Amino acid sequence: MAQQGETMGRIIELINVSKEYLQAGDNTRQALADINLGIGAGELVGIAGMNGSGKTTLARLLNALLLPSSGKVLINGMDTTEPGYQQEIRRQVGMVFQNPDNQIINPIVDEEVAFGAENLNLSPAEVRRRVNWALEAVGLSDLCYHAPHLLSGGQKQRLAVAAALAMRPECLVLDEPTSMLDQPGRRKLLKCLLQLNREHHLTIIMISHCMEELAVADRLIVLHEGAVHMDGPPWVVFSSPQFTALGLKPPPIASITGSLVRQGHQIDKKIVTLEQMVEYLCP
Amino acid sequence: MSFIELRQVEFCYPRQSSPAVTDINLKLEKKAITAVVGPNGSGKTTLTRLIIGILPPDKGEIYLTRSPLARYTLAEVGARIGYIFQNPDLQLFCPSVAEEIAFGLSRAGQGPQWIKEKVDFFLEYFELDGYRNSFPMHLSQGEKQRLAIAAVLAHEPEYLILDEPTIGLDAFRKKQLVEYLHKVAGLGRGMLLVSHDMAFVNKLAERLISMENGRIQSDSERRGRLLNEG
Amino acid sequence: MKVDPRSKMLLVICISGLALIYNNPLQLALLLAVSLALLGAFRFDIGMIGGYLRPLVSLLLILFLIQCLFTKGGQVWLTIGQLELVSSAGLIAGASVVLRILVVVNSAMLLTTCSSRDFVLGLIQWKVPYEIAFMVSIALRFLPLFRDEMQNVITAVQLRGVELKKVAWGEKISMYRTLIFPVVYRTMLKAQQLSIVMEARGFRAYPRRTYLRRLDLYWADYVIMSLALTVTVILLVGQIL
């Protein structure tokens, strides 16, 4: 499939990347096989795939938490396997994980956000500035002095985003950030991420099982058994029969649009979210 | 009389200003599939913990087949009601999958052959055959969940409570879970499902209870089950 | 009144130090009273002390008995036939050991009255390397997690229909031995996830790091610290002479 992001500056490149894991009894499990991928600055990318398709492995390769068994992962031209670059790569690619509780390091919200910036040895004034900016960007400014473990799941995840933002990353990778959240928590987190992408031009890569969330992405990549099977705008991916063949279900709105298009109705085939549908029906 | 009954139950976690659940009046029947839905913080999990007896109510009474719950030990309740935690990790503690299912079965005094047959049955029923000797923590989320359900069912409880069983599962595995739970219901057991996933709940529940802010907001029956969608 | 964790640390060191030197149950009892008073002053929930001490009760009893039976001297209180079992010196020694442990444990609880971050900051500003101070605070954070996991496993075992109270001692011990494994495993898993997050946020990326906050010593701290030091020195000198 066409690799997008070629006209924009590519900040992430995977070249022939494979990753194997050793298992008991000298078996190896192939988590990723020969992946070639490029992600441009400012893109909002969704990654979907069944459990075990390699999504988490891919995410961890992006900030040198894991190194490829073969091939290269380049972040702004820096090779993740070079030890000298790892610190800078980790600063440039922020990560948010699935479990909100296992990401809290400090007992106060602002200290939690400051942790990353402090590790960069910036001046205290600069650290404070970044903390304020990050908390503002995720909408948690008034919880500045609260204890993180008393926040709701959604707030904790936004806190994790703020903590990553304090390092001024170029890209944010989120591994199933909403799977442990309820509806309101999810919505707020997604709104926050969308804002960060549209207003602050932060590149965002999000792994999710929830197709409604991925429908707002610029680009949707579908992994299956360690390989990239689909890569394109969500409306193209959802409407392709290959999508369901891979064991995934498109969001309801996309299904409706697809049915209407197939029945010959005049409807914009790019509609995949509820907002888009509402806007189309009642402009 | 109902299998489980709650009267005017209220519970407040220590150091919290407002109660997690208040004014709960509920009757649950043994053979029915009931769902409790509501946003995070609405008190759903607290409700299940009260029913199973992990938490004692601050006010009100809870009855299990006519007797007050307080008279039962946790083990006695566990023998009658199987509880599947939101995080299956919390209830898996044996070195292998087969041992996990077999745990506690020796108490029935039926001999090793009987235990072996049971373990074999459940391994096959829940498609965990290939993992017989694996370490439970190495299984995927969906597999751990099936294991937890199998391990609990091996004790043949009369009723099941499942707390948010769909977390971390993709669409395919959620569908699988619905099928497994239908199978379990086919074995003649009722259950209480707690979930914030309405699509999942709609495929299984005959009765829907919604909670918000610690109170029951609505409680409705559904005539027959919805037809399964693809 | 906000007291710097360093003042509290100094208090703990002073009180524990005195406890190790004193041999007299009366002095130790006074020290215990002082430590309890301090706990109250720093708004430690006195009710929690029972929770901390309960697991120690059997240990303390054993130690008391050992000291009591094996220290001879003074007036004899209990004999069996020709054997002198309990003497006044024994009782005093036993009481001293128990009280000493109680004083040390209680004063250590003073440290729990400051937040883990303050504790780390205090250590750092006393020139303890960051990694060590951080390790201490993470360990403090993980202890309750460990306890929670243990509780979870016990609940899970009971929910499988196993009545723990009715299990024979021998079987119970072997059961606990097998159960400790998932507890440790899961706590380790949490620790591993946390360490991944820390790495992702640049932990130890550079040789030096800044700190958002500084702990400053106020007059209350200077008063407490100088009082503690002076009193301790006086008492020490008094004891030696």
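Note that the chains are named A, B and C in the order they appear, and that numbering of residues resets to 1 at the start of each chain.
Note that a residue touches a chain if its C-beta (ideal position, glycine included) is under 8 Å from a C-beta of that chain, and two chains touch if they have at least 3 such contacts.
Every value quoted in this text rests on a predicted model; they were computed, and no experiment measured them.
Asks: As a test of understanding: of all chains, whose mean C-alpha position lies farthest from that of chain A?
Replies: Most remote chain from chain A, centroid-wise, comes out as C.
Asks: For the pairs A-C and A-B, output the one whose chains share more C-beta pairs in contact.
Replies: A-C
Asks: Let me have the rounded angstrom distance from the C-alpha centre of chain B over to the C-alpha centre of chain C, please.
Replies: 39
Asks: Take the average of all CA coordinates in chain A, do the same for chain C, and state the distance between these two points in whole angstrom.
Replies: That gives a centre separation of 44 Å.
Asks: Can you work out the whole-Å distance between the CA centroids of chain A and chain B?
Replies: Spacing between the chain centres: roughly 33 Å.
Asks: What are the residues of chain A that contact at least two other chains?
Replies: Nothing qualifies.
Asks: Counting only residues that touch at least 2 other chains, which ones in chain B make the list?
Replies: none
Asks: Can you check the complex and tell me which residues of chain B touch chain C?
Replies: So the residues of chain B in touch with chain C come to 52, 54, 73-79, 82-83, 85, 89-95, 103-104, 107, 137, 151-152, 155.
Asks: What residues on chain A touch chain C, complex-wise?
Replies: Those residues of chain A that touch chain C are 63, 65, 87, 90-91, 94-95, 97, 99, 102-103, 105-108, 110-111, 114-124, 127-128, 131, 163-164, 167.
Asks: With touch defined as at the start, can you tell me which chain C residues reach chain B in the complex?
Replies: 152-153, 155-165, 178-179, 181-182, 185-186, 189
Asks: Please give the residue numbers of chain C that touch chain A in the complex, ascending.
Replies: Listed in rising order, the residues of chain C that touch chain A are 115-117, 190, 193-194, 196-206, 208-213.
Asks: Inside the complex, what are the residues of chain A that reach chain B?
Replies: Result: residues 50-52, 98, 152-154, 176, 179-185, 209, 211, 247-249 of chain A touch chain B.
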